[in-house]
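One structure is given below, encoded as structure tokens.
As written, the chains take the letters A, B and C, and residue 1 is the first residue of each chain.
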Amino acid sequence: MPVEVIMPKVDMDMASGKIMSWHVAVGQPVAKGDPLFDIETDKAAMEVESPADGMLYHPAPEGTEIQIGQPCAWLYAEGEEVGDQPAAFGAAAAEPAPPPEPVAAVEPVRELAFTAEPALEKPRATPRARRLASEAGRDLTSFVGTGPRGRVQADDVLQALAPAPSAGFTAETGPLSITRSKGGEGTPIVLIHGFASDATSWAPLETHLRHRPVIRIDLPSHGKSPKLRIRCFADLVKEVRAAVDDLHLDAAHLVGHSLGGAVALALADTRPRKIASLTLIAPGGLGPEIDGAALTGLCNATRVESLAPWLRRLAADESLITDGYARLAMASRNDPALRHAQAALADVLFPDGTQAFDLRAALDRVDMPTRIIWGKRDAIIPWSHALRAPGKVALHLFDGLGHMPQIEAPDEVGKIIRSLV
Amino acid sequence: MPELPDNVPYAIRTYSPERLRDAFLKMHLIRKFEEGAENSYTRGLIHGTMHLSIGQEASAVGACMSLTDEDKITSTHRGHGHCVAKGADVEKMFAEFFGKETGYCKGRGGSMHIADPSKGNLGANGIVGGGLPIAVGAALSAKRLGTGAVTVCFFGDGANNEGAFHEALNMAAVWKLPVVFVCENNKYGMSTSIERSTAVKRISDRAAAYAMPGVTVDGNDFSAVTEAVDQAVAHARAGEGPGLVETLTYRWRGHSKSDRNRYRTKEEIADWQSRDPIVAMARLLVDHHIVSEDEIAAVEAEATTIIENAIAAASAAPDPKVEEATRDVYTALILDEGTPA
Amino acid sequence: MNAQTETNSRELTYSEAIREAMDIALGNDERVILMGEDIGVYGGAFGVTGDLVEKYGTDRVMDTPISELGGAGVAVGAALTGLRPIFEFQFSDFATLGMEQIVNQAAKLRFMLGGAVSVPVVMRFPAGSGTGAAAQHSQSLEAWTAHVPGLKVVQPSTPEDAKGLLLAALEDPDPVMIYEHKLLYKMKGPVPAGHYTTPIGKAAIRREGRDVSIVATAIMVHKALEAAETLAREGIDAEVIDLRTIRPIDRDTVLASVRKTGRLICVYEGVKTLGVGAEVSAMVAESDAFDFLDAPIVRLGGAECPIPYNPQLEKAVVPQVPDILDAARGLTKGRI
């Protein structure tokens, strides 16, 4: 029986070693203790001595990575018949298998058992919940805590302060709807539409963006996305961020319109490394003003006649909003639950006709190439909000356009985006 | 036993054939234990590292000849030999080596921490010089409690440059404690030769600074080691205070498994390998008709069998339970301060 | 780091990055010397000094005897009087033998002498468990040194920082202790060529997130990042902060993160009690960031025991990815 020559473990955390060179030619004799081969580990090179006397056969080719304890050659005694290689080399897998996770940590984070305890004089609440309650001038005892041991957490306060209207729709769950264009190469463009709109609204602009893959997201309670219970702007961003994270993109160009612009900006602020560029079309979040009446009107309209006048407010040139356009728009809003869900969303995001979130600081922070496109005849959000942008942000202001430059002048907008994307 | 003439080596004059045969078996057990350990390590069955004392067996076994189970030893990172010499069970040693619950330290310590207090072995040590003051403390206990026990403190040449060495020797001398310091000088502390690290030529010269006897002997000569250490032990046991014995020896293997031996030559290693203490011991025993040539091979075969059985039994032993990882930190369980409130 | 150096960066291991930093320092400044056990021909117990002795000779890459107290003290004395020693403890555990010179001398000389002197010594501590070396060769004692005013203590987690922090330490007039996790030595990452420094006292945000702040040190940074990827798939957006320096600690970065997320997990390998996590938690509790907490703080640290030899036990006593996942899920789902 030939003697196995194994790859020795010569280092504490060594998993495999590479055969650098053999000191002895195939078929030549070697004595126990003589240098037989050189190996290299990720720490150092080392000479390995022969484990026995014999003739060297079937040495692993130089450069092979062999797992420790596994054969890399065989030594035959004088006169012993040399047949096929007795066994396969213990070639190391490219990636060493990760060590198994421990069965159980010694001190897992325990869920605390509820133990009966004397009634507390003060309600149990997190510091953040206390702060929110006191800012709202409310007593902590007026909130129901849903945390461990009835602890009042921030969400309990926020929910109680801004109760989402429960009438009209049942909250759903699930991921946001994502649709993709065919074709295009390179870093994709991700589009986020505005309030009361949906992914189909990008069609005119998309004809100018065919060179890149295009990914559209439907906001919660819009288009094909589920009707989610959204309690604040951060909630909305969280949903969209999760959807974008799930795309596992290395990088993306982000384009957002109106409310979608605000979401895009918040996203870019929290995922700066992933966002290659940011295009904000008439974005929200840069000032308090917004046309509340138009939002309510859009949400409430149950027929073409009541929807069309509000739609016309969106464009500078009313003639763009044809009857056909309005009919199509209404068809996409026939579901009363969708309208109610959007009304609830508007109530949270734009209470009393005010933008309840402020992204000016985020705009100051973002560092990727960013531009704002706005029509100076925007009747929904004043274009002058754009003037709050810091110097590093490019502004494209159009005299003759309204709140929807991407529909009113898709070729112009397309050109601007293409110049960077 | 009849008095033998002085030209007969000390060990032959002093110990019975049974004791001598047993010492020879222990030397083989050490060698085979370490070869078995090395083989398991090389095959990737062990994690961590280990320090082999192959080539130093005479020093370990010789120094323990006159010790009883009441007498203590403190050992080092290179401690398998001391452990076997002091009577440890090789199966429990292997179990420890494999991290098993049945090991000497219940799998908590590994190669570098094997101890067997029941046999007076206070343990190997991961800290160079760590055992020196502990040995002095054990000698203080023996003196105060009047047990008559002596402590043999093993350490390497490298350890004699730690402050603990000097502080320990001084206190042992000042308080006249029953402790024998055995320095196993294998020429190197890791890669650093004694010439490059130590101001004196002989470590035994340092005994003079602490007013205790110091001798240097051939550490591969079983009888020479036995004679020097026995004398120091007798001296200590008689209440005459500590002594220092330096045994000149050599480790054949690298410092640990990742050693590339760049600080010494192959010729030097080969030269020392030609002075194998086990071969010398065999010659001593045969020359003085303690064991026959045939029996020499039989002892080696016996050691091989013991080690093979020990490895098989230890590999099959159970692993410790993960939930019990924090056991034995304190004698009595105290409130776990780390529990999240 | 500026754009120019970034273009010159290559993949190096953590230990190569440290060696490169020492090479640059030895090449640029005659005052720099290396001291330690077996750092010469042996190349260091972890191979970090490598062949530097061949380039700079034994006068500047000095093997010391096995004398940690004396060796550390000689480095302190040399630093006091004009040299710039980089002292390597073979394992951080052996620094316990050198503590006298670190704690009583290096840390205090400047203060005790009324500012008349400074001690620009750099000490390197290979630390941490995971190599099967058991209780006396696996400890994470960085919180000990960080407890001493007068010392600066850093824990680089990437090759880039390992080099940058070492070069920054050399420029620092005060004693800087560098804890290097042994399992990171082989980790590869981009390292800018040439001389650059990484600021001491500045944390790095390794991943931005909104829902929970995970403040980690050394190898735990990588475990936290791995956990954060899994959490992201569950809709939990974790922010991972690499503390990098534990003295002086970067309060601003930690507090800003907690104000944003309202939840804090500290992950470190040292024993949990009285460790880095206690300091980070207290910092939050004492500041206005407290008002933003929406859940209790969780510390994940080493179990209250020495590091065991058995490999399963060894893993179980330091925080692992599943522990971080459990904590983050518990906090964000309102279960903790």
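FYI, contacts are C-beta pairs under 8 Å (C-beta built on N, C-alpha and C of every residue); 3 or more make two chains touch, one makes a residue touch a chain.
The model shown is predicted, which means the values in this text are computed figures rather than measured ones.
Undergrad: Hey, how would you classify the chain contact layout here, line, ring, star, complete or other?
TA: Complete.
Undergrad: If you tally the C-beta contacts, which comes out ahead, A-C or B-C?
TA: B-C
Undergrad: Between chain A and chain B, what is the separation of their C-alpha centroids in Å?
TA: Taking the average C-alpha coordinate of chain A and of chain B, the gap between them is 61 Å.
Undergrad: For chain A and chain C, let me know how many angstrom lie between their CA-based centres, rounded off.
TA: Chain A and chain C have C-alpha centres separated by 31 Å.
Undergrad: Cα centroid separation between chain B and chain C, in whole Å?
TA: Spacing between the chain centres: roughly 37 Å.
Undergrad: Out of chain B, which residues touch more than one other chain, so two or more?
TA: 47-49, 260, 322, 325-326, 336, 338, 340
Undergrad: Which positions in chain A touch two or more other chains at once?
TA: 12-13, 43-44, 102-104, 106-107, 109
Undergrad: For chain C, jot down the residues that touch at least 2 other chains.
TA: If we look for residues of chain C contacting two or more partner chains, we find 43, 131-133, 272, 298, 303, 305, 312, 316-317, 336.
Undergrad: Which bits of chain A are touching chain B when the two form their complex?
TA: For chain A paired with chain B, touching residues are 6, 8-13, 43-47, 67-69, 102-104, 106-107, 109-110.
Undergrad: Within the complex, which stretch of chain C touches chain A?
TA: 13, 43, 46-47, 130-133, 183, 186, 208-210, 232-233, 235, 237, 262, 272, 290-295, 298, 300, 303, 305, 312, 315-317, 319-323, 326-327, 330, 334-336
Undergrad: Provide the residue numbers of chain B that touch chain A in the complex, in ascending order.
TA: The contact residues of chain B facing chain A are 41-45, 47-49, 257-258, 260, 322-323, 325-326, 336, 338-340.
Undergrad: Any idea which chain C residues touch chain B in the complex?
TA: 37-38, 40-43, 45, 63-70, 93-94, 97, 131-137, 271-273, 296, 298-299, 301, 303-306, 308-313, 316-317, 336
Undergrad: In the complex formed with chain C, which residues of chain B make contact?
TA: Residue list for chain B touching chain C: 46-49, 96, 99-100, 105, 107-110, 112-113, 125-130, 158-159, 161-164, 189-192, 196-198, 259-260, 262-263, 319-320, 322, 325-326, 329, 336-338, 340-341.
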